[in-house]
């Protein structure tokens, strides 16, 4: 069976798995962004806290995904919940790191003007620092998305959603004709999602980054 | 006189911030990691190990796994930098403006492919295994963080400063070397350190294609359901990652332009 | 140091006490034990050599830079330790490097503080337009641009507009007009002074332009290195009685000429000049001129407005039948009472007979100003300045 | 793998009507097929099932069972003894099933009587290599390797490499030294002959045949028996003794040949494991 | 438009032809069809209202901004399309926003171009020290600082020093002294003019300070909006014969006073004044004064240097036995021939009898300057300016 024929017969699976994959990545990225930016914001001004948050989120990223998924299976079971939690944890580091870097890169003169106008800490952050750091932050989010698109495949070991199912079924059938088709289909699905996410990011970045700093 | 003390405190704080990180701060991480290693050692020695566990947790095997892991990370990171940084630079030059989005998208897409799928495809479709195949998988996975951060870092450099550089007759290359890259370093390094950590983590996967590393230990623990082995493998990976990130931090402190 | 006790009735708005700033790693203090009182409703201009600590002083007032030691008292309250954001919201701030928010449009930049204060949209919009107009930038053209799309001077003006947004009662301005051309600058200065005469903000203003200092300042603080006060006094006093050589050198050559900017034609009595009406006959005019001490006549029209200068030669050349209307030369050097003596001098040095005609609001000739009167005025100013300086010296312990 | 749940709704009269079971399995073909066989049996008895087949790794799927994420899955006696119960093979009991079942009671897990097939470790090599070198038993292979120490590559998965009943024991039993090439289990089949001369395989795997491999005879009887058996929580079994009854005849019919054929239909024939299971069950008359 | 044909012998260094810049999305061209010739070895100052296109014009000359249309000819060669880096290495550039490299120390910033040119370390170091001293910043203190550790004016001076590093023959300076205090600025300007008188660079200089334009410029180009040339001429011509109301308003009030900065006391003949030597007897002095037209005498010492003013009253009060040495008042308003007429005027308006004494290098009295002479000088300048303007008008097709 050629790859194209294979895709045709499994097209509905492709779409269904694609939607799952996109949804779980989307949700996890959203959570990772919220938590990661919060952590970045909370720590970027203090060297020690900054170092600690980066070390911890970095260490999380090195936990082999197999191990983490299995670890979460006990408390969270199979499927979506452990997948989202694991992905969110994995997604933190690029977001945190870029948030910190971006915030620390804001022009001191601009900050000083903001301070001088009496913007308080929160206002400076929301109106000045985050918008100016945004290109760097959103790059971190983009990296996170790509990392998570890949890791999500592994979630198939705990029956998590997404194209991992194709890849792992393929892997389980290695040595049989259908195996390469399955893995390829899974990889292709993820690639298509990557393109779609990229377009989304491009648009979001364009729309959310002020023209004044593009 | 009552106001005197707090003033002095302010002054001291500022000196602390403005001066370079104190020696004590440089020591925190190595000490913490050392304690973690020690704790791990104590924990393992307190366990009664069965034959399976002993086989995985002997010193020779662990050293080899760590060393393989370091090699995997080092080579893949080096290659990643060699590819991603020049590419990032090229893609921020005006003459590549047209092709920029396409190339970035292609790389992005490659990055997104699950490493496991890449490894499987390489092994199955091309019968390509071992260290070299592992490096391909790792590099593909780590390029994008470095590339994107290189690009963003370069794009963020203040126009007035660039203009001054160009106005002085620096060639594009000189502007790049002397101004853009030094000023982009903080953001670039963020990407590089992310890539390093990702590499250390992902390198655990390449055990499936005979490329060794700490993944051997972790998977041995997983597949035989030996928690101690899993913990040792995972802990060593994390400690290694933190150590490498710490060294990267030292390098960053050296490279980070001082005037900023 | 000349103290500024002359306005005792005014309340002190900002008091700096032994204010000191030491930047880490530097040998000398950037600001060293500065004492300064700034009265409510006054514009105090800080001038001094580049690097003497003006910006540092300013930034300590709103605590952008924390003082190494010393106290800042705002309106009687020690704010050295209070919440800095609260403090800053009461104080407008124009930063030396402009520091516009690059990600916001011009309109948004200017609207920052009104929005902070929770003004509604229509009030904010109206305020933005008002401020843009005030700094001479057409809202229609510029409202939606981004800072990078402006020229240097335009950016600076937006910086000023932005600082005024919330109508703060205290304003710190660090070289606000440094990059602006003279016409716009003059317009801005005048607009500023006009508003100031109505609302009486307390303004600390840094400039390196001594003319601007003289024009804008109720008082001028001249700094030496390390924010050492060389003199703190009214512009008049500084120009006429510089405290030391440093100050004298700083105000530069032409102090007398600058001094003239502070006196008005209306303050001196114009000197009379032989005058005839256009309806006077030539013969009569000749007779008048012959009896006058001057070498020409001014011809005025029916309303008493200067019509022409006639010289003896012109009178002699004119036929008997001709009228004064037809001969003579139109006078060009004419000033009104609200012109400065400097304006008058500028006119008279280029004018025929080296005099400037003074007219009142209706254009009626009041007399002339010549060099003697300017000379007298300068000399009497100097005398009174010396007296005043002596008196204030005596007033101090 | 997207089999739909609740096929037994029309059969309201079944003993398990109104019950719902979550069926798990490991990630390899045989485990899927066995999982679906159980699912279809339960559905036929009126129960509804939730499909959680394809969980990777013994540890994972077992954890899922214990944490009640799934209600049942098929495992193997040898695996239970070594992996789950944490024993080694040095003290292998005679009746492995009995020992495992008893020991696992402590954990609240019940093992049903094992089926009539065994999926055990074997060493395989390519047909061509075997015939060229005249290898058909492990002893012959060991001799060959001792003569040609360079040709001792053994593709094996981590689990095999680290288990006493795997590589270490094997080397001892046959007095031979293998050079282990550590691969994912599934990558072994196509790699034998390329990255290594020999490979660790599962005896019922259809890919042995598909990849022209030949299994070497374990003439020293080194490998432990790995009989397939359904595992579930004791409380589930206590509540629904019917599960055991339903499986008993089916287990008997599942011989090595049957299982290998079913695996082959999925792996080489590309059929869906659930369809394969259903076909076989209908053909055998276990369901209708 | 007044063309600048008067220096025909000089070679044109920079020629702008129909230079136009349109920023995307804007209604009007920022620079619109500008034609401008800049002669070799001259300082041309661009002035004009904020936002009129000065910076844009500058940046097109070194192609930091690519023109929308038009040509730039440098030293006879069309550089509109050549390699921009090559071009820029020949042209020094002081950017309006300073643009110091934040990651380099002050020393490294200034050494940028010397390093680019491959100078060896000792030569580079020497040059850096020389330039830092030139801009009045002690190398010992500042060499190792980073830009953010400098005040605004200090940063700007480093910007100037950096642009001079490679000793370029063409220099573009965009408001180089905009943030610098008058003393330092004056020193920098003078230093600049001194160097310029030796090496004759071609300099395009933007400023918003008309006084600076007058002082620094060999010619001044006054722009209206959209880089429309309102007038391009020597400072003298512009002050005395502004081309239109725009120019007149732009140079502002006090044009005549400014004009005086361009003429020197040495250029006019001092007027004689009745003088007596200190050794003269009181009686003789009374006699001299009685015969003089003036109301006081100048007493000079043996070397002919002014010693004092004596008034008739003082002479009358003085006893027969007393000497001229003891009575009278020390004169304060004294200028040398190289002082400007503005200096002289500044002195005389505050001086007794409204005259300034003129002395030569040895201090010997040459005569006095009074308002009449200044007046004459201004009026004759104006007459000749008009003639010149007419002549150049006639010279055009």
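Chains here go by letter, A, B, C, D and E, matching the order in which they are written, and residues are numbered from 1 within each.
The definition used in the following text is that a contact is a pair of C-beta atoms (placed from the backbone, for glycine too) under 8 Å apart; a residue touches a chain by one contact, two chains touch by 3 or more.
None of these values were measured; they are calculated from a predicted model.
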### Shortest contact path, subunit D to subunit E, counted in steps
2
### Query
Based on the averaged CA atom positions, which chain is farthest from subunit C?
D
### Query
Taking each chain's centre as the mean position of its Cα atoms, how many Å separate subunit C from subunit E?
23
#### Entry: Chain centre separation in whole Å, for subunit B relative to subunit A (CA means)
17
### Query
Measuring from the mean C-alpha position of subunit A to the mean C-alpha position of subunit D, what distance in angstrom results?
36
#### Entry: Chain centre separation (subunit A, subunit E; CA means) in Å
62
### Query
Taking each residue of subunit C in turn, which ones touch at least two of the other chains?
97, 148
### Summary
Multi-chain contacts in subunit A, i.e. residues touching at least two other chains, fall at 66, 70, 107, 171, 174, 179
### Query
Can you list the subunit B residues in contact with two or more other chains?
120, 123-124, 158, 219, 222
### Query
Given the complex with subunit B, which residues does subunit E contribute to the contact?
59, 62, 64, 84-93, 95, 97-105, 112-113, 116, 146-148, 159, 162-163, 165-166, 172
### Message
Which residues of subunit D touch subunit B once you look at their complex with the stated criterion?
### Response
57-59, 62, 82-84, 86, 88, 90, 157-159, 161-164, 168, 181-184, 187, 190-191, 194-195
### Query
What residues of subunit B sit close enough to touch subunit A in their complex?
21, 25, 28-29, 101, 104-105, 108-118, 120-121, 123-125, 141, 144-145, 148-149, 152, 155-156, 158, 186-187, 190-191, 193-194, 197-198, 200-201, 204-205, 215, 218-219, 222, 230, 233-234, 237-238, 240-242, 245, 249
## Note on the structure
Listed in rising order, subunit C residues that touch subunit E in their complex are 23, 26-27, 47-51, 53-56, 96-97, 141, 149-154, 157, 174-175, 178-186, 208-210, 249-250, 252-257, 260, 342-343, 345-352, 354, 370-372, 374-375, 378-379, 382
#### Entry: subunit D-touching residues of subunit A, taken from the complex the two chains share
1, 13, 16, 66, 69-70, 73-74, 77-79, 156-159, 165, 168-169, 171-179
